[in-house]
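Chain IDs A, B, C and D follow the sequence of writing; residue 1 opens each chain.
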Amino acid sequence: MGTFREEGEHWWHVHDLRVRYADTDRMDMVYHGTYAAYLEAARVEMLRDAGWVYAEMESDGILLPVVQLNMTYKRPGRYDAVLEVWSHVTAPPTSKLSLVCEVRSQGGELLVRGEVTLVFVDRATGKPRRAPQGFTEALNLHHLIR
Amino acid sequence: MGTFREEGEHWWHVHDLRVRYADTDRMDMVYHGTYAAYLEAARVEMLRDAGWVYAEMESDGILLPVVQLNMTYKRPGRYDAVLEVWSHVTAPPTSKLSLVCEVRSQGGELLVRGEVTLVFVDRATGKPRRAPQGFTEALNLHHLIR
Amino acid sequence: MGTFREEGEHWWHVHDLRVRYADTDRMDMVYHGTYAAYLEAARVEMLRDAGWVYAEMESDGILLPVVQLNMTYKRPGRYDAVLEVWSHVTAPPTSKLSLVCEVRSQGGELLVRGEVTLVFVDRATGKPRRAPQGFTEALNLHHLIR
Amino acid sequence: MGTFREEGEHWWHVHDLRVRYADTDRMDMVYHGTYAAYLEAARVEMLRDAGWVYAEMESDGILLPVVQLNMTYKRPGRYDAVLEVWSHVTAPPTSKLSLVCEVRSQGGELLVRGEVTLVFVDRATGKPRRAPQGFTEALNLHHLIR
């Protein structure tokens, strides 16, 4: 669950999450690998809020594995903080789906910037396929593609 | 991979593993939930060294989920330490497999004591079933049941 | 964040959380070790909703590590499900804090039952100490101890 | 622990690790975020085998957090497989340390390619600093920089 927010001329989906003890490391910050799960959780909520349930798409035989993940760490995320994950899609989905995500503190500071590319895969054949019907429309309806 | 070691009148399987940064938390110790993965890794190596590959059993349609896990934390595990996970089976396997595990420092200090119970499940039916043929024999051959 | 709910003659704190992809394993269920983080997240929210911020207690030099964790797995938790973690305290806190937790499906099925014992530790000395002033009162105010 | 191997005109450090159940997800592959921990484990072993213990550097007040992590996923990593993580450094360390890592199957297939940049930080001041004395020499001694 999250909200759609306009910033500048653009719309983002914003998902809030609380940093758990399990997410931290001995450097007293969120372990850098943990953000992969944060971005994924936010992405799934973005789709849900746009009317698209990722779990149902998997049940329908379409997988969406990550093929590229770039993360730039600007500031540490801290235990018990509520972080905001801002996401939008960067191009009309083809067989690929590309997003930009920003993990921000509630004060608006940028902690981590992520670029994620996923590919639609037919589970039966294991081959890439186009985004399913209605997917792009759902995202467009909420102005999440640019 | 590990070794079989006699202690007192008994035999254990001992698996060594290195504590990773990802395993720690901000209390500068191994996160308490991480030990579930350590015990599981050691258990799988115990079976492998006894001649039983867990992954192949799954391929053959037999799953072995955990149904009970008790962990007592005595001393913290530290980053970059090599920990020894000592395991043995506590009763002849039926549809259940019960183990005791001790996570020890290389100096022999007890860090965590674990008791784990798993159940053999037929993947096709989802029902419990007896331990597969040869399983108990493999463990007995290495004196791992008592 | 969560809610306080009466059930039978007792009160529980109930915290909802969504199963993430990262939480699952190849058995297509929540990895059994993941529940340690779920119980911890719920416990922290229980304290927060009772007016006690765990992170602030750590800043004040009081740690609360887990010394015993028992988990019984009844039914699998599934990807994308919203799970409810029901928690209450089982005895007046001394230097120890003991809780019972139930992870339930939204349909009310019991998935996992957990018993957790933690100990208050003075960070400066590393020694156990009594629960800090006001802690027990906060829990009592919400009828969470029994 | 690992080995140094020459490939083409270059040297890599190769660290083997076994995929744990906890590392997998419901897509029956290694969860994409898990590779951050794999790369980190391999990096620490590369340094150790070059004579540089990362944990001791932290004790000496020098931290080395990740500031950039790019991962490209080519093929899935599978449960129980032994994966090889091949690493080398891509430029003489300044205040930054940049590596390329390849996660390969034992058959030599490329599964994941990673590029990691870390920065040396003085714990006392929180400021970036140069690589500590002897660090670059240790890597050079094993031909790991190019």
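The rule is simple: a residue touches a chain if its C-beta (ideal position, glycine included) is under 8 Å from a C-beta of that chain, and two chains touch if they have at least 3 such contacts.
Predicted model, so just to flag it, every value in this text is computed and none were measured.
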Matching chain pair for A-D (criterion: over half of the contact pairs shared, by residue number), options B-D, A-C or B-C: B-C
A-B compared against B-C, more contacting pairs: B-C
Averaged-CA centre spacing for the pair chain D and chain B, given as whole angstrom: 28
Where chain A and chain B are represented by their mean Cα positions, the distance between them in whole Å: 35
Whole-Å gap separating chain B and chain C, where each centre is the average of the chain's CA atoms: 26
For chain D, residues that touch 2 or more chains besides their own: 21-22, 29, 31, 33, 36-37, 40, 79
Complex contacts: residues of chain D adjacent to chain B: 18, 20-22, 36-37, 40-41, 44, 53-55, 79-80
Residue numbers on chain A that touch chain B, as the complex places them: 21-22, 24-26, 28-29, 31, 33, 79
Touch list for chain C against partner chain B, complex: 27, 29, 31-37, 40, 63, 65-73, 76
